[in-house]
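Got some structures for you, see below.
You will see chain A twice below: alongside chain B first, and alongside chain C after that.
Take a look at the complex of A and B:
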């Protein structure tokens, strides 16, 4: 179990005995130091308390009211929450983000692992170029990404034009205007945008795996695939959990992409909780409902993060 | 790693004790924060109506006044127009200075409630009509009740009744279209009508239609000639509803649509022409009269393609197309007569409803400017900047802008006939969402026009029962 202690914690503990070993009369001084420390932290703590904690509690309290943002709010108990879980549009939006999780998290991670396995270990000619190209979407503003893809998906955009040029007219579609295709089409944008991030995270992780492990595996007769399963994948556990937490919560919070391309349409086929939250908070004054949606999304994100961290820690 | 083993055993309880204390402190702080945060939000309900006790219309006697104005005309013709109006007002009343802050329509609308509640906020602001915006501000007493100014400046005689009504709310904030006046329109209107491509019509020998029957005959002929009759998109569902609202105004009566919007419970959605309009939209889609693949086309792309010659007709808000240079000769703007009765009505409103913040220290000066926004100078300044004016039939018109002249003519018809039909979606704060979703779903063949009708009725009932 000792080996489980992270280096930072270990270093902290290592210094403890000397500090704690001081004569008793110096306790007052150390206590004063603690208050001094607190004073140093105070500005940040106050800011955090006001910006994050206060707003958080405020949202939670709003979520129990029916409020138009101006006139006196009326207490409605958990009605906003029951609305969320009974309204077909709101409930449907949860289903949509589950589909988006596949595109925003699962696919980028799989592709990221593949490219890390291919690009990570040995310097191949052009590897830097590939990394640069694949990472590019990560540095583009999400709004720009959405606008570019709205154009790409348009009925006479590049995708349909190429399909027609290749004689594949039967595959030409209204990508963003089709009830069945709009959501996967949005998902593909997320995969494209998130893939570079996973790749960079995993290639960095692969580089940190000691070469000896690969050599040992090779000596034991493991092929490339076996080495990937037995050495690379376990070695990337920490990066995997980080990537999962970030991409899954991003999928749960999807807003800008949907808002710019489809506004949740056609019908409600690409509606996400965050888009509904925005509508409720800023377009149709229903601040209580908006807060309830926010709280639910936050709880979901927290649960996902905890679950993933728990599972990845248990495995190690 | 091995150094971890040398941890002093005695430090453990202390660490636990500390973390418990931290936990308790944290919990206490959190509880305090939660307590502060938990009080009921809002509370402008009890401040009473914001009607000034006395009003003055003699602006020269007000001394030096500085007014802050917040508007959604940040660029282009509207910005030039408002700058010119503010300048003319200052020339007339040198003691009153107005500073403008302009923002994009969406940005302004999503934050205006907070800014009106702010002591340092604007004196004058542009607002959107309906329950999403103005209705809520009136209910929350964020804006001044202008009834006394309306009497003092005699606005009732100068502005079409159908237009003024769009800014009225009952004192309990439950009814729209009646009661006190909370905003004034400006001398520039915007309506929904039909832009047409003159080249396509003349090449096929088609006259500009004036009735729905003529319009449909023209569409059939254009389709037979292999052209797109109606340039339409539905990817951006909000703007796509322009077609639906215009058809609804042709089928429903002005009184019934207005009655429904203003909350008259004796009028159900079935009396408003929505079903006929929705069926017509579906029929046109099935006829193949819309732009191919319209479901995947975005609004701005649709307008651009129409300007480039795709499609013979497009349902637009006046001023949307704003063709430049010689393009002015290629397009026209027309309204169709109602299916029954044959009078011309149009869905439309003032370019903005202008409010005075209840926090303003200078409501008299602000009301003076609101009066100026209704003046002939403001209307003429609109024309000079290629914006459709309102109220004044005898303005100096440019001679080299035929498309614009037709838009102006259409608006003037509505002024003369008192023919403004309010936007149907003002009925509730969610109706635009509901109907635009239904429009997309119906066009995809997943629901029927009757479903749209039911959804609209349910939306209104939910709003009414929620009070």
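Take a look at the complex of A and C:
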């Protein structure tokens, strides 16, 4: 050990001028291997550049053209974007996203907070089991989740069967076939699938809040609920903003669920931007419009992430 | 301190939530074993042959092979690139690091929707649609940002002395990576492999776009087709669904901690 340490210290003294604070030397950080390093980075960077960056660039340029995927493309300027923001179906899909945000983001976060609080800071007996179960939907194939729920909502599925058994025939519906109910019905699936993730995120965050804060609050005579408001919630600021970003962008990008269950129907009552993108790109090719939808979705995701992070940082 | 009543209520609510989450899955499992095609559950004589029948009807011999080939190749590709780029950026301090790393991180914020349309037409002109190779290239390329972020952080957390002494012993960059750093980073690499496996196996959108040929479809896409066609045979549909969900579920049973920790670490990347 000793023989290893000495040359390292000597080397450190020689290369880094003494600055205040800790010496910032990590694993072999030196300028000697920069070009070898670039050689290691090159394959990944090239493939990523080709698949992601180049395509991103082309998405933006496609979005200014009108193209059916076969014949020659024509330049149309920002027409695809004006179409998006004037077409009732396209614009409506953003409205649907707003509804989905309630179910994909707001409800899971509330339920996640509640279950995290109930699991307790000291991980009561059985906490591991509950975490295992509630996190489960995160690992189930989205297509399978969609199929299960399509069955649950079907006219002779378990929801309607139990309503009939309870004598509530008036409440029996074709849930996914109803213009007003289909979208919230899809939303519920998102709530079901997402709240366990929020819970796990919050339990990890709660465990990191220093005990002294809780003790101080207790000394001030704060009850469990007050402690939750005064200590837990502010302590979870970072986790809350992450949960919001991920769930809101998930709502913006909903595809699998809609495509398997309703194809955007009945009518266009459950159409999402991603489903419209798929239709425009591959079913009835308007490639420029599809690209514009992709760009809009990406920009909105980015804006949501920046906005939420900004707000959460300003508050702290 | 917490009162008895508070404790009881907590357990009650948590149990209720657990039932709500588990019910759909368990209910589907029971349907898949029942002989009734209507979706009614009758377990007096569970019929395991539903799985074999569904497998055959849904053409899973092809589809599972497709998924397996695509997932295994993509996971290996993702791991190799994650380790090399993570090493180049995190340890060797590659030339251009300060530009390259943010550029790669940008990829974590770019949603699939923003690239998929030109990617499809690009790959069509290269003859890489309807091809496993095309899908593997895409999945591998899309995995670079998260993998790089993950491995770079892992390598940076390792003690610097190890690399120094290996250098002094005359190890070149490849030896240093292969015989010192990779063995130390093994737990992180396994977690990355699990996450990649889950993401690629569960993918539907990308496979749906790039593979139209039924003989080459992956399991999730084949299941989507199957469920549209066999609406009336609910028990087979349930069996087929569980077959597709099974690989990741089985991994989850054994590696629960890694999954949860990995997803959390991935979420908290900012």
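One rule holds in what follows: the second predicted complex is superposed on the first by the 273 of 316 C-alpha atoms of A that agree within 3 Å, B and C clash if a C-alpha of one lies under 4 Å from a C-alpha of the other, contacts with A are read in each partner's own complex, and residues count from 1 in each chain.
As a convention for this text, a residue touches a chain if its C-beta (ideal position, glycine included) is under 8 Å from a C-beta of that chain, and two chains touch if they have at least 3 such contacts.
Note that the structure is predicted; figures quoted are calculated from it, not measured.
Colleague: In the overlaid three-chain picture, which partner chain does A:101 touch, first (chain B) or second (chain C), both, or neither?
Modeller: neither
Colleague: Give the label of whichever partner, chain B or chain C, reaches more residues of chain A.
Modeller: Ranking chain B and chain C by residues of chain A touched puts C first.
Colleague: Would you check which partner chain A:260 touches, where first means chain B only, second means chain C only, and both and neither mean what they say?
Modeller: After superposing on A, A:260 lies in contact with chain C but is clear of chain B.
Colleague: For A:135, select first, second, both or neither according to whether it touches chain B, chain C, the two together, or no partner.
Modeller: second
Colleague: Have a look at where A:304 lands relative to chain B and chain C in the superposition and call it first, second, both or neither.
Modeller: The answer is neither, since A:304 touches no partner chain.
Colleague: Tell me which partner A:155 touches in the superposition: chain B (first), chain C (second), both or neither.
Modeller: first
Colleague: Would you sort A:287 into first (chain B), second (chain C), both or neither based on which partner it touches?
Modeller: Both: A:287 reaches chain B and chain C.
Colleague: Thinking of the overlay built on chain A, is A:47 touched by chain B (first), by chain C (second), by both, or by neither?
Modeller: The second partner, chain C, only.
Colleague: State whether A:179 touches chain B only (first), chain C only (second), both chains, or neither.
Modeller: Touch status of A:179: first partner only.
Colleague: Looking at A:68, would you say it contacts chain B, chain C, both, or neither? Reply first, second, both or neither.
Modeller: Touch status of A:68: first partner only.
Colleague: Shared contact residues on chain A for chain B and chain C?
Modeller: 5, 7, 11, 53, 58, 62, 69, 150, 156, 282, 287
Colleague: Within their complex, state which residues of chain B touch chain A.
Modeller: 1-8, 10-11, 14, 29-30, 33-34, 36-46, 109-110, 113-114, 117, 132, 136-137, 139-140, 142, 173, 234-238, 292-298, 301, 429-430, 433, 436-438, 440-441, 444, 446, 466
Colleague: Contact residues on chain A for chain C in the complex?
Modeller: So the residues of chain A touching chain C come out as 4-5, 7-8, 11, 25-31, 33-45, 47-48, 50-53, 55-56, 58-59, 62, 69, 111, 114-115, 118-120, 124, 126, 129-144, 147-152, 156-158, 192, 195-197, 200-201, 204, 224, 238-239, 242-243, 246, 249, 253, 255-256, 259-260, 273-274, 277-278, 281-282, 287, 290-291, 293-295, 297-298, 301-302, 305, 309.
Colleague: Mind listing the chain C positions that touch chain A in their complex?
Modeller: Per the touch definition, chain C meets chain A at residues 2, 6-7, 9-11, 13-14, 17-18, 20-22, 24-25, 27-28, 31, 38-39, 81-82, 84-85, 87-97, 100, 103-104, 106-107, 109-122, 137-138, 140-142, 144-145, 147-148, 155-156, 158-165, 167-168, 173, 176-177, 181, 198, 201-202, 204-205, 208-209, 220, 223-224, 227, 234, 237-238, 241-242, 244-245, 248-249, 251-252, 256, 259-260, 263-264, 267-268, 270.
Colleague: Can you list the chain A residues touching chain B in their complex?
Modeller: 2-3, 5, 7, 9-11, 13-14, 16-17, 20-21, 49, 53-54, 57-58, 60-62, 65-73, 75, 150, 153-156, 173-179, 262-263, 265-268, 279, 282-287
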